[in-house]
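Common to both upcoming complexes is chain A, partnered first by chain B, then by chain C.
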Partner chain A sequence: MHRLYLIPTLAINVAIIFVPALLTVALAFFRWDGISAPVFVGLANFSALWTDRIFWTALTNNVIWTAIFLTVPIAMGLLAATMLLVARRGSTFFQVVYFLPVIIATAITARVWQGMIYSPVTGVNGLLQRFGLPTFDPLAGTSTALYGIATVDLWHWWGFLCVIFFAALRQVPQEQVDAARLDGANFWQTMRLVLLPAIRPTITLMMIMTVIWSFLVFDFVYILTQGGPAFSSEVLSTLAYRSAFYDLAVGKAAAVAVVISLFGLAATAFYIRAQAREFDR
Partner chain B sequence: MKRRAFLTATLGLLAGTALVGLASAEDGKTVTWWYESANPEQQQHIKNLIIDVFNAAHPEFALNIDYRGSELDKQLRVALLSGSGPDVVYTAGPSYVAPMAQAGQLLPLDPYAEEYGWNERILPVFLEMGRYDGTLYALPKTYETLGLFYNKTLFDEHGWTPPTTIAELETIADAMLELGIVPFAAGNANWRPANEHYVSIVLNSIAGPENVYKALKGEIPWTAEPFAAAINKLNDWWQAGYFGPNYFSLTDEQAVAQLAVGKAGMMPTGTWQFQNVTRYFPENHSEAGFVGFPSADGIGDPIYALGVGSTFSIAATSEVPNGAAAAIDYVFTPEAYGALNSVWQGEWNMPLTDLSGVTVSEDVLPLYTEAMDTLADAVADNLYGYTTWTFLPPATNTYLVSGIEEVWLGRITTEDFLAKLDEMFKQELAENKVPAIPAR
Partner chain C sequence: MRLPEARSTVVLTYAALGVLLVITLFPIALLVLNSLKPATQIVQNPLAWPEVFRWDNFSRAWADARFGRTLLNSVVLTGTTIVLVCSTASLTAYVLARRKVKEWKVVTFYLLGTTTAPIQLFLFPLYFGFARLGLINNPLAVSLIYTAVFSPFAVMLLRTYFLAVPKEIEESALIDGASHWQIFTRVMLPIVSPGILTVALIIGLYSWNEFLIATTFLQQGDRMTAIVAFFLLSGQYTSDWGEIMAAALVIVLPIVILFIFLQRRFIEGMAGGSVKG
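Let's turn to the complex of A and B:
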């Protein structure tokens, strides 16, 4: 009888996740302009992706993006969270400050960085150039555009991780920390041997989610460069979007979406296995 | 008690919404039209000059314009697919019309063209663009062209005259570079497809409109020599620094501002920039000039590449097609043309055959009316070219926008770029996605 309680959530999941997901997978095998009748083309969309160098650029960019977000914001978040733990005074204030960028709409954050910081005309960049400093707009260079966008997303994102890690660190029993100190452990030893192992499940979850979110990244890239210049900041989601809504190649876009999902699925499978191992212990 | 009040209010609200919905569906008179983005001032112009005037003249209908932002075309596509779109279908150009017409989402307009005399009132070239398989499905709302704006004050100061040949253009541009002036005011930070304005210019002014026409008809490939020469020339200008150091960081409005203050000397762009010219030049005490972009030797007079910014159609599922047709017809009257162009230049240049009945406010920049007259003459004399956003099919066009950046930034060669462009075009040509190309 109690299983009946599952029905509402199950129904919602089937309607808004399972059915569209299934349709997307099916569409990946069709050629469809989003308007007329779809035509079955087998694996043609996938083989077209295989030979499409822009797809490989986008995939590489997603991998670089994942690597950046698996390291930089997590390290920054952990460091700041530990600082908050050590220096409790003012920690609420700093939590609010660190978290503030997370609640600002991404479109606003992106436009502020683009216009008020990066722009050589209206931004801090322009001001520095007027003082003779050789600065440049990272969004305008093929080798820097992706990193320019990642910086904006990092600014927006790391505070969230900091607050999550701080909440987890506060759950670590104080006795363990005190015992380590009594044994003569210094700050780094306490960190490495007591605190980090204690919040490992939280770090693992955040890392898995980072992988999934990194393959879904769209908003900052689309607003700041739309994948340019010259496809240099193209990621899989902007490629899918452009294919579907500009090229009217919905089948190809669905194929890209399937590739994105594969990475998400792999990360999820990894997480479920890690969780199962945790329970077994 | 509070909870009950909340429930009552919610139910009341829901019932109210449902009733409004039913009323608007049943009264058979509300004509819906989804417009793109417009600032508050422009929305007021639309209300005063279109909605109020139309509703007063047609009490049997109630025109309702909804502002949907820059993603209108995507919203339209999804809405039409589900049969719930607006009555007046406002697309971003002829290339969007073909697939909609193919899918039976649009109403044939031939009976209305007959009834309202559109065949006589609208320039035939533009009616041709709205046809699919011989049937009229769309009317172009506005037509535009590309040309060369320049800072006349700056030109006078240095004794330069507007260029009439490519060689003259390059001489002036090189002189500007030496003086630390950016030759071409340009930027694509807010609109990446701005790249195609320059591609359209060189395709028409260097490769020539005859060749572009043949390529659009599939008679010659895009890899042909004239196109390679055109793209190479554009790349030469990029490499020489004609587009300035901040192309990817500037918006088009900032570029116009740079032109107005004399930091840049010329601006190859479209007639829609007249709205920014009137905003920036007077406050900087400078005067603007506009000429046709010079052509390569052998092409002849300046070629005015023709572009259609947006089109009107009627949804096949519309319950008030007559109201939608009447609303579209109103936009194509000399009164609407005069009133709209008096306050909002460059966006409502409906392709009317006869402009003699049009009265435009005296405040309008004479340069604008001159440019529009020149364009109308060029169309009449067959001296027009083809903008890529109007005549190329969708995937080919989106590739062109990013592909040319790859050429500029040395990631691919002109040959690679044109080969890929040709491959995509051939595929879309085979899929019947190329818009109607008016005969020359």
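Let's turn to the complex of A and C:
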């Protein structure tokens, strides 16, 4: 009887996600332009990716992206969250402001940074130039574009982690901190020996999610540079999207999607294991 | 829990928190400030106070992004998605939280797995399939996609609310002769309604802001969402950044106002769905 309750969710989920996902895996072994009949090509899509310079750039960029987001925003979030514990008043106010970028649409955040900050014509960047300071548009340089995009995503993202870590830190029993204090621990020692171990499950979970999300990054890259200049900021998700909808190479796009999913799958296994403890309670 | 520190440390802390505050607010301030300036003055100095307030930035943005139409599309799409997600996810969350079926574990892990599935893994067959079925530019079809993508999150969040309801309430209703359906609709739903409101807010935020699926599946001018219209406006139709920022403000302002009034719900909801499973 109660099985019926599950039907709406599962039916929608299977029709929209599960079946098309299986089809994507199958399509990775076909050549298809989205219109005519697909042609079976075996592993040709994958071997083409293997020799594709842009694919390797994209994969490397995803790895760099993961490394950046595993360190910088998590460190920023942890530090700010601990500082919110020290601040006696106003922690709610700071939290709300830090969280604002999270709720602003990515398309809008991207355009604000592009036009109002990075642009040498209309942005703050151009202002520096007028004062004789050496500046350049990070989005226009092949060696800087990816970091220019990552900065925007960092601005958009770190407040989320700060708020999550702050919520976890507030649950740490006061006695543990007081005991450490009595033993003469300073701020950094308290953080390293008491606070960080206490919220380790939260940090681990956020790191797993970071890995998953880092391989999904799409909006900021697509809007800010479309993977350019000269594919220097291409990531796997924009490569797949462009292959499918611009080049009509759906088989290749499917192969890239399978690669993204393999990275995601490893992280997902950790994610489900971390969550499983919650369900066994 | 709080950290007692020396006065100097506290002062230093506030200084650092203040710096982060400035970094966070700077781009937002630029957005608001320049939405009121003529394009020529933005080129001169994006940081300057507006010499004249160009309120017509808003009327031009409204016309060029066809907000009369596209904002309505966003409202309809967001509303449909909220209704679909809340109704389907509360059913599932109830069954999973109370372990009403013996397959509860498999279903839970399946849903957890799909929360992390990359959109690209199902986007391409879905697009070409929908194209064949004539479902491109169909808002209901897009809200079904949103429902599929967002409902695992909603189920996990609602599950924690159902878990918090004491079992005795359900049992006594059963003894009073209530049917299973009556227990769910008359007893459980009213108790977890705060959770449903939280889910509605978060799902509403996600649908309102969503870009990738909206830009792929709603391309026709009179069907697109406000976000896609903004993207096109800023990409090809104008290089007047005053107008672009005005359009941005129109989309962002309702969300920010809602957030400021209901910030606790937003933050707890977004944190709860991802942290507590």
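The rule we apply is simple: the second predicted complex is superposed on the first by the 255 of 281 C-alpha atoms of A that agree within 3 Å, B and C clash if a C-alpha of one lies under 4 Å from a C-alpha of the other, contacts with A are read in each partner's own complex, and residues count from 1 in each chain.
Everything that follows uses one rule, which is that a residue touches a chain if its C-beta (ideal position, glycine included) is under 8 Å from a C-beta of that chain, and two chains touch if they have at least 3 such contacts.
Since the model is a prediction, treat every value here as computed from it, not as a measurement.
Of the two partner chains, chain B is the only one touched by A:A249; chain C is not. For chain A, the partner that touches more of its residues is C, with chain B and chain C as the two candidates.
Of the two partner chains placed by superposition, only chain C is touched by A:I108; chain B is not.
With both structures placed on the common chain, the touch criterion links A:S237 to chain C but leaves chain B unconnected. In the overlay built on the shared chain, the residue A:Y118 is in contact with chain B alone; chain C does not reach it. Of the two partner chains placed by superposition, A:T144 touches none, neither chain B nor chain C.
When the two complexes are overlaid on their common chain A, residue A:G34 makes contact with chain B and with chain C alike. Once the two complexes are overlaid on the shared chain, A:T135 sits clear of chain B and of chain C alike.
By the touch criterion stated above, A:L100 is placed in contact with chain C alone, chain B being left untouched.
In the overlay built on the shared chain, the residue A:T204 is in contact with neither chain B nor chain C.
34, 121-122, 245 are the residues of chain A that lie in the contact sets of both chain B and chain C, per the superposition on chain A.
For chain A in complex with chain C, the residues that touch the partner chain are 1-3, 5-6, 8-10, 12-13, 15-21, 23-24, 27, 34, 80, 82-88, 94-109, 111-113, 115-117, 121-124, 126-127, 155, 159-160, 163-164, 167-174, 177, 181, 187, 190, 202, 205, 209, 212, 215-216, 218-219, 222-223, 236-237, 240-241, 244-245, 250, 253-254, 256-258, 260-261, 264, 267-268, 271-272, 275-276, 278-279. For chain A in complex with chain B, the residues that touch the partner chain are 33-36, 114, 118-122, 137, 139-140, 142, 226-232, 242, 245-249.
Those residues of chain C lying in contact with chain A across their complex are 1-5, 9-10, 13-14, 16-17, 20-21, 23-25, 27-28, 30-31, 34, 39, 42-43, 45-47, 84, 87-89, 91-92, 94-95, 100-101, 105, 107-109, 111-114, 116-129, 131, 144-145, 147-149, 151-152, 155, 180, 184, 205, 208-209, 211-212, 216, 227, 230-231, 234, 241, 244-245, 248, 251-252, 255-256, 259-260, 263, 266-267, 270-271, 274-277.
Within the complex, the chain B residues that touch chain A are 73-74, 77, 80-81, 99-100, 102-103, 105, 189, 192, 245-250, 254, 394-395, 398-399, 402, 405-406, 408-409, 411, 433.
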